[in-house]
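The two complexes that follow have subunit A in common; it is paired with subunit B in the first and with subunit C in the second.
Moving on to the complex of A and B:
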């Protein structure tokens, strides 16, 4: 059965984030509080890396269940890490967690354990800053990711396959990205093909959508292209998404339109989940 | 396991034992599991009605959760004193609490032979009561045959999201509601086995249960930890046992 390989320290998997850093990312995204797309995407990456680090954190440090790359594409294509990780491609998660470029403090409402909420100050680590400069070389970015995926599947032929998460406003300027996307998912371990998920941030409006099972209702051709490039969610991810209240079917894909994608890292199994009784 | 007495002493006294299994995804789960299992065993020794649910269980749950924050303050101070203050991700993670399953059993010798209507008048008997939240399991064997599995009955009921006792969960009514309770009676020759989920799943899925029982009894004794570890590693290598921590408590009833 595919996508059942154990994710462990001796058998890690890799997650490769692709971040659109083109000039168009300085445009605002729709919604109640207008934000630059580049801010939304940088925020999503920083929260995804936070979620991953916290998910794998133990008292002796963060466990290397995952190795992570953050690749930016705009004026150039390459590592988007800031700080001491700048220029690095695939980095063990423990190094990522221990080396944010900086840690901000933000206030957040958290459950008080008795059904209410209480405001508290939380650490908000940052590994990358918003950038909006240059074209949208999505093909080159996907090809870059493909080379990382190829290297990983060769290194861990029996492991859980690599996951590529592409965050973009969808407007590739170096041609139709479909073939480059297919090239990524043509690489496989014994446990299944590499997975490609897409987060589309758009000013086109429409209903925020998470993990749809068809392109019907998506607002533009960019969204439909990104949907068609996205891998179907493996069954255990579908089950977990369903348990979290998401509407899913057998053809649900790893595509999110103007919605929160940080949930995808919660779909990844590394052992017994730590969830409160409900 | 309480009390910390020799076997001879325990023959005529109640005893309590427990297994709590920390969740992979939570930090300090091992410490929370240790605190929780000890609290449950101590409470069960003082208040056996804990194992019937209701108010006594809620009071226990409340007292266990109340112990966590003071423990965490001490731990945090110790880390600072060691020059290893908590990292940002530990602060974030610990704000979510730690999580573990709970399985507690209390065993009481019957006051005397024949005191129970369903026991043979000539032989001693023991009454056991158990509480479980999550998928740590208790197995009751009679003549080395399984007579009761609690709270999970079949291997396919195990998953990655069992019910868990959270160190910050103050909703004690919900904890009591999700906890399952059962009881039984043992005679000489019976055994109780408490074990964490991976080994319990292996046991329940074994194609030949007689062989599985034989292996469990051979390797779960007190004197050969090396043999036990080698046996577990063999099961893991053959993909018969999930790669997970294993804990076993074995209570043999031999007469008195």
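Moving on to the complex of A and C:
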């Protein structure tokens, strides 16, 4: 059965994030307090890296169950890590955990226990900064990811296949990305084909949709293209999504349209709970 | 799957807890935890130890200064509070004095203890213990055979404590078994624990994959839950105690297992690790490995408890006495092999690759052969000394006889036969394996070929797409050209319509005038008002020739008659035919023509000079109709071209769809192919390890075989080894 390989330090898997950094990512999104799309996406990645680090923390420190790449695409295509990891592609998680670019202090309102709210400051580690500049060379980004995926499957032919998560606001400016996406998922380990998930952050409106099983009801052709590019969720991810209250079926795909920030984190979270970590 | 349906509560993530725990003054109400100081990472975030269902944080109470492990849940567990209360009650009933070691931990389940965001969630508050996980303890201590052996016995005693009270931990593994500084065990993580009060509730997890029987299912939950994992851990500890080198040979430095993994239990045939243990020189290791191998395919509840592995006297020596004594066993001389192993240990196991070197234990034939040499040598000496006149060669006969008999006796030695058998078996096994170097080369070549084909395919795909698009654009261009040409032709015709109107009007007028003149001329009959010189007779002749009125002819032509040198004339009819009428000569013809011309001139003078309004309108209507027709044609061109554009677009879309379909199919094939390559690589690695092991055994067997030489046999005859 595919997608059942143990994810362990001797058989790790890799998660490759592709982050749209085109000019249009400076557009605002969201309800009451609009945020730049680039901020939303950068926050999501930073939160997720924290999440992964906590998830893989054991007595002696963070274990390298995952190796992580964050690839930005906009004016250029390449590593989006800031700080001491700048320029690196696939980095073992323990190294990621120890080397954020900086730790910001962010203010946050929390319940004071007496029915009111009190403002507190929390530490927020950052690995990448929001960028919005240039076109949307999605094809080049997918090809870049493909080369990373190819190298990884060569290195760990028996392991859980790599997961590519593409965060974008839509239109590729260097052609139809379908074939490049297909090329990624044609790489495989003995445990199954590489997975490609897409997260569409769009200001075009329409109903937010998480893990749909058909393209019906998606508002535009970009969303439909991204949907058709996305891998079906492997069965354990489906059951995890179902246990999180998502409606899923056999043909559910790893695609989220116009997600608000909580759905973003949830989506990525499910994407990374590849199998039970043991 | 397996869990009850219905609204399941969503829990915060580990990072969300870590964020909330930055302000313990706010997130906790419990007096011991409120304001407690979390242990931090170097980034200043609370340090977590995470599992699949929870993250555990270390907190030092501000109130008491005591340190706690606080477990925060990241996933819904059905009936969690009920389970923890039942487990807590059961563990509280255990009498510490009766336990083999203080392995159980105090904990308190606190509902709604921690605030994360707007909600409150339960935590499990546990005492903090200073201890290391079993795997890191083994990393540090595996060479201390005595300590490891003692730990194995303590582990067995721990499992006995559990089974005596019908408790099962559910997930016994290297991370949940901690070793305290006095080398006694602590058991942590009671999430999946079974106690009798929970019978019928069902399990919440399936335990660590590298410690579970392939037969364990989702619904298994009962007192026998730990049996398989207990055997796996006990075997690993005993094997490491017997041969500390095994820890480095079979345990990977960061592997989530001790000596064996899930794969070893699932497919023992292909397992290098299990084979190593099954053929180990130490019979205890072999026996335990064989036990684990056979237990992997039996239902959980028929597995024997670990206590059966321990002979009574040793158990008594290392653990406190227990109520139910393990079965008494007596031992023969099988090197401390407990009862249950009889029948599990393969009888040839000792022979296989680890048979002792050289010859052992002389047979009667050896004794006879040994006695033969001095006898025959003495006989030879006697013959020579006695000076019997035998040829020199004859004196050597007894020596040759002794040598031949020795060779025969050596060939009858069981060691030779066994050694040959071992060599033969190894040769067969090696022959059955593909040469890993060749297989790797073939795999590399296949992969390179495939990669080249894939590169070609993936570059060809966009090219094909571009070609389709280019063809589409060419078709559009061609259609546009055709449209422009056709419409230009039509436009020219439309532009010419006013000129056509003018011409038509002029022609209609001219026709009308001509008709008037012809009519007038027709009315003047030659018979009624004959011209000068034309009498009734001539008029009758003219009428017979078809000329009755001025309209019937249009002139005359003089005719020269050369034979008479005279000049005559023929009349030219309206139809252009010339006729000769008897009696009409040139003069009469001229008179007729003058008459006709006069009549013609007066008719022309009276002819109409314009068309009537009705006539004019009819002509204009004709032109308007034509204009409308042309406009229709122009429109038809438009839609005709649109149709061919549409056709080209459909062609493009069909083509693209076909390409995409083909590409998807090719992608599927590539995926399968790559998966297959992955499988081959893994098989190759296993094969190569097995090949290496067999080759090494082969080399050792060859050396041993060489050790069974003639000389060593002779030595054995007299020395006995």
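Quick note on the criterion: the second predicted complex is superposed on the first by the 241 of 278 C-alpha atoms of A that agree within 3 Å, B and C clash if a C-alpha of one lies under 4 Å from a C-alpha of the other, contacts with A are read in each partner's own complex, and residues count from 1 in each chain.
Just so we're on the same page, contacts are C-beta pairs under 8 Å (C-beta built on N, C-alpha and C of every residue); 3 or more make two chains touch, one makes a residue touch a chain.
On a predicted model such as this, the values are computed, not experimentally measured, just so you know.
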Once the shared chain is lined up, is A:232 touching subunit B (first), subunit C (second), both, or neither of them? neither
Going by the contact rule stated at the top, is it subunit B or subunit C that touches a larger number of residues on subunit A? C
Considering only touches as defined above, state whether A:245 meets subunit B (first), subunit C (second), both or neither. second
Let me test your reading of the model: by the given contact rule, A:219 touches which partner, first (subunit B), second (subunit C), both or neither? neither
Go through the superposed model and pick first if A:123 touches only subunit B, second if only subunit C, both, or neither. both
Between subunit B and subunit C, whom does A:206 touch in the aligned arrangement: first, second, both, or neither? neither
First (subunit B), second (subunit C), both or neither touched by A:151: neither
Scan A:135 for contacts with subunit B and subunit C and give back first, second, both or neither. neither
Output the subunit A positions appearing in both contact lists, the one against subunit B and the one against subunit C. 6, 8, 50, 53-55, 57-59, 97-98, 100, 103, 110, 113, 120, 122-123, 125, 243, 269, 276-277
How about subunit B: which of its residues touch subunit A in the complex? 21, 23-29, 31, 87-93, 95-99, 160-164, 166, 168-171, 174-175, 178, 197, 243-244
Which of the residues in subunit A end up touching subunit C in this complex? 2, 6, 8-10, 47, 50-51, 53-60, 63-64, 97-98, 100, 103, 108, 110-113, 118, 120, 122-123, 125, 153, 157-158, 175-176, 178-179, 182-183, 185-193, 239, 243-245, 265, 269, 276-278
Where on subunit A does subunit B make contact in their complex? 6, 8, 50, 53-55, 57-59, 61-62, 97-98, 100, 103, 110, 113-115, 120, 122-123, 125, 243, 269-277
If we count contacts the way the header does, which residues on subunit C are in touch with subunit A in the complex? 1, 3, 7-8, 10, 13-15, 17-20, 22-23, 26-27, 29, 42-45, 47-52, 55, 75-76, 115, 117-118, 132-133, 136, 173, 175, 208-210, 252, 254-256, 261-262, 454, 458, 461-462, 465, 660, 663-664, 667-668, 670-672, 674-675, 677-679, 681-682
